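What follows is chain A paired twice: with chain B in the first complex and chain C in the second.
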Partner chain A sequence: MYIPDLLPRLLGGDRRALARAISLAEQGGPASRALLAAVYPHTGQAHVVGITGPPGAGKSTLVNALALEWRRRDRTVGIVAVDPTSPFSGGAVLGDRIRMQPLGGDPGVFIRSMASRGRLGGLSRATADAVALIDAAGFQVVIIETVGAGQGEVDIARTAQTTIVVEVPGMGDDVQSIKAGVLEIADLFVVNKADREGADKTVRQLRSMQRLGAPPADGWEPPVLPAVATSGQGITEIVESAGQHAVHLRAGGGADARARATAEGELRAAVQELAIERLRGPAWDALVAQIAARQNNPYSAAEELLRGL
Partner chain B sequence: MYIPDLLPRLLGGDRRALARAISLAEQGGPASRALLAAVYPHTGQAHVVGITGPPGAGKSTLVNALALEWRRRDRTVGIVAVDPTSPFSGGAVLGDRIRMQPLGGDPGVFIRSMASRGRLGGLSRATADAVALIDAAGFQVVIIETVGAGQGEVDIARTAQTTIVVEVPGMGDDVQSIKAGVLEIADLFVVNKADREGADKTVRQLRSMQRLGAPPADGWEPPVLPAVATSGQGITEIVESAGQHAVHLRAGGGADARARATAEGELRAAVQELAIERLRGPAWDALVAQIAARQNNPYSAAEELLRGL
Partner chain C sequence: MERTIRVLVAKPGLDGHDRGAKVIARALRDAGMEVIYTGLQQTPQMIVEAALQEDVDVIGLSILSGAHMTLLPKISRLLRDQQMDDVLVVAGGIISDEDAITLKGEHGIAAVFGPGSNTNDIVGFIRTNAGIARDS
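Moving on, here comes the complex of A and B:
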């Protein structure tokens, strides 16, 4: 597809154009930036929901169940599955293709796995771009699924208006589970696999950890919701709670603060990508070799490069 | 402590100076960069070992056991525990203080938890700086412990010469465990809690996943080592295997390639930090507000800012 054709088709909701646009955004570069710049005024409509939690928490199954519930409520749904460095496929297809099957063929659902192999630090930027493109294509709910609890995931979660943190009963011991580290970004907690032994204890632990923390600055007390994604138990409550959170954000002005935080993160990512792109070249390579040989240091080298910009 | 005094004391192995220097590096800014630039020529001596894996895998206990084993072999050990966004303490003290106790009081061991609250994307840079400082202070082995499997952790792992990926038996189902995503960065696999049911299966799975992947480019086939960190079982083998990997790197020239990759990552992080630091201000804030209001987009705004640099 010719790139200038992409924009009108994308805004018209053409799935092939959307897929092509996301691939372009994943590559980055000037054409990608031009497209995103043109798309940006058409974004900001979707309810962006982030879902994060440790491997094995059943996030993909939960995403699937939530998407089906939103579809039952006549909302169109985009899904961005972020899978860091899957080694063999260069992407996340292995698990997701199986799990997402029940949604396949529904024109009201768009699913995309983000490959992240080798893209140092650029995943957060590419994910935000994918969300913007799906939003611009008219999908009403955009779900971002991320694995794990690292800084990268926290950055990605900041793209979301509503962040759901998924835990499961009895994963590791208590201290480790507190260390998982995504608690402060949670707008909703879901204890998935709640039919397992220890689910009540996990719910109680999360509630008592909330009491230990500072009271929420924006007046939203994140609920702790038990669920069994495989059977659909608790899914309605999660969808409703996410909806209430969106309403709360808009009513309390929290939506503006989140939009500014998201905007700042996107600007930062764009500046960083652009700066690196412009600075790479023979001088960059020479400085890298000097740093590796301990004849120079990253900070003096960075000053030198930025002086030349 | 007066900053100019830091450098000689740090290079002399003064622990208070080292702690102070890491705090300075965590804050970033010009003083931090000046110190790091001065320290850099004295780095590159330590064997830097990264340890990563999902929450609940027993990483802290494993780090503790490995450090004790290295101490038995008369190696001094620095430990950097990276704990993303621990919500209540602003750091990682909660778990680590308990677990690291047996090492406390040994002058041949230096332990540091990196707080990461609110430091968007800067954790990778601050961790690399902490490693450099500990290295310059003369510690022979530096262990970096990271939680999770996200892009941030992958970036951090690139700071290490030898990366150990920890798995445990029966965590989640098979597909999810493949999705954990740190496999391609592993130089050693450790199946911890190997006295649990399913340990053999986890070892077999990891080995068959290795066979599915591309053969290692550098001729190093990552071993899969069972261990029980709490009882010390398998710890000797891990320390020896890590040592063999360091020898392999030096012998095969892989050490140079890793040093260049590390240098490039450090240069990239330094450029990004410096660029953002210089660009922040009233113009930055105005552009953020425009982007949030959809009157501008991150890419055009980034171009505008970089033109003004």
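Moving on, here comes the complex of A and C:
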């Protein structure tokens, strides 16, 4: 597909153009940047919802259930599901679609699996770009599912407007819940598999953890919602709560701060990519060799490269 | 710029045996490819729609039910309808030599790998043939 044709087709909601555009964004490079620059003015319409939590917590099943509920409310839904890339082969098995089969065949749903391609933090480099493209193609809700995340993978909070942290019963004592990291980024907590023993305790622990601190500065107290994603129990409450959070953000409760944080993240990523692309070359390779041989160090080498920019 | 090869591994039809599909998915992952595994009992429509959304270079179909002469040509037809002829389609499973010749000759299946196939041969075939039509 010829790249200049992509933009009008993408904005018209053409699914194949959207799929190709996401591949282009994953590949990176000048053509990808030109497309994303042209798409940018058409973004910012969708409600971007992030789902994160430990592996096996039921994130994919929850995404499937939430998407079905949004479809019942006549909202179109785009999904970006990220799974890890092998640090050894560079390959990946992306299996999130298995749990999303009930969404197959619905033209109001678009699902894209992405490999993290070496990026830590739960997302891939191009995840935010994929979200922007899906948004520009007219989808009203965009759900991002991160790789199974433990404690430090907080990138999602900079990309999503509403971040849902999924926990399951029996994942550790209550000190886990006051540690820094993922628990701090939640706008909503979901305790999935709430039909299991210990679910009440997990809900109580999360609620009491919140009461240990000062009330949130932006006035949004993250609710703790029990759910059973496989049966659909608790799903309407989550969708409603996410909707209330979007309204809260728009009403001035932190939308600007979020938008600024997202914008800064995007700028930082773009600068990094462009700088590295421009700096790569014979001088770069020579410095890599020097550092490997301990004749130079990464910090002086970086200074040297940036002086030449 | 080198692009990572993306492969959709799918099981059309009703048989519930996906060990072969998982072995292939694993081998392709270890060869540095991104494998989207969609699970059991996929209709041709579901497979083609997933391939479109995922913008894959290759579709790998595992079929053990005997319905391959119905399902595989249908998938090729749907791909043509979507102008996705540039996607490489390979099949594996229990498919007779005779049927394999017909599938390759008349129904756009690029290769058929039966039981006992070496995963290295499959990886090699995909590496050589993926994305040729797409990039030309």
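Criterion: the second predicted complex is superposed on the first by the 274 of 309 C-alpha atoms of A that agree within 3 Å, B and C clash if a C-alpha of one lies under 4 Å from a C-alpha of the other, contacts with A are read in each partner's own complex, and residues count from 1 in each chain.
Rule of thumb we're sticking to: contacts are C-beta pairs under 8 Å (C-beta built on N, C-alpha and C of every residue); 3 or more make two chains touch, one makes a residue touch a chain.
All of these numbers come straight from a predicted model, not from anything done at the bench.
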Exercise for review: State whether A:Ser23 touches chain B only (first), chain C only (second), both chains, or neither.
Suggested key: second
Point to revise | Which superposed partner A:Leu267 touches (first chain B, second chain C, both, neither) | key: first
Exercise for review: Considering only touches as defined above, state whether A:Phe110 meets chain B (first), chain C (second), both or neither.
Suggested key: second
Practice item. Examine A:Leu68 and indicate which partner it touches, taking first as chain B and second as chain C; both and neither are also allowed. Key: neither
Review point. Touching A:Leu7, do we find chain B (first), chain C (second), both, or neither?
Key: neither
Practice item. Identify the partner contact of A:Pro41: answer first if only chain B is touched, second if only chain C is, both if each is, neither if none is. Key: first
Review point. By residue count, is chain A touched more by chain B or by chain C?
Key: B
Review point. For chain A, what residues appear in both contact lists, the one with chain B and the one with chain C?
Key: 85-86, 88, 92, 94-95, 98, 117
Check your understanding: Taking the complex as given, what residues does chain A use to touch chain C?
Key -> 15-16, 19-20, 22-23, 26-29, 85-86, 88-95, 97-98, 101, 104-105, 110-113, 115, 117
Review point. Residues of chain C touching chain A in their complex?
Key: 1, 3-4, 6, 25-26, 28-39, 42, 45-46, 49-50, 52-55, 82-84
Review point. In their shared complex, at which residues does chain B touch chain A?
Key: 33-34, 36-37, 40-41, 43-44, 54-58, 60, 83-88, 92, 94-95, 98-99, 116-117, 120-121, 123-124, 146-155, 158, 171-173, 175-185, 209, 212-213, 256, 259-260, 262-276, 278-279, 284, 287-289, 291-292, 294-303, 305-306, 309
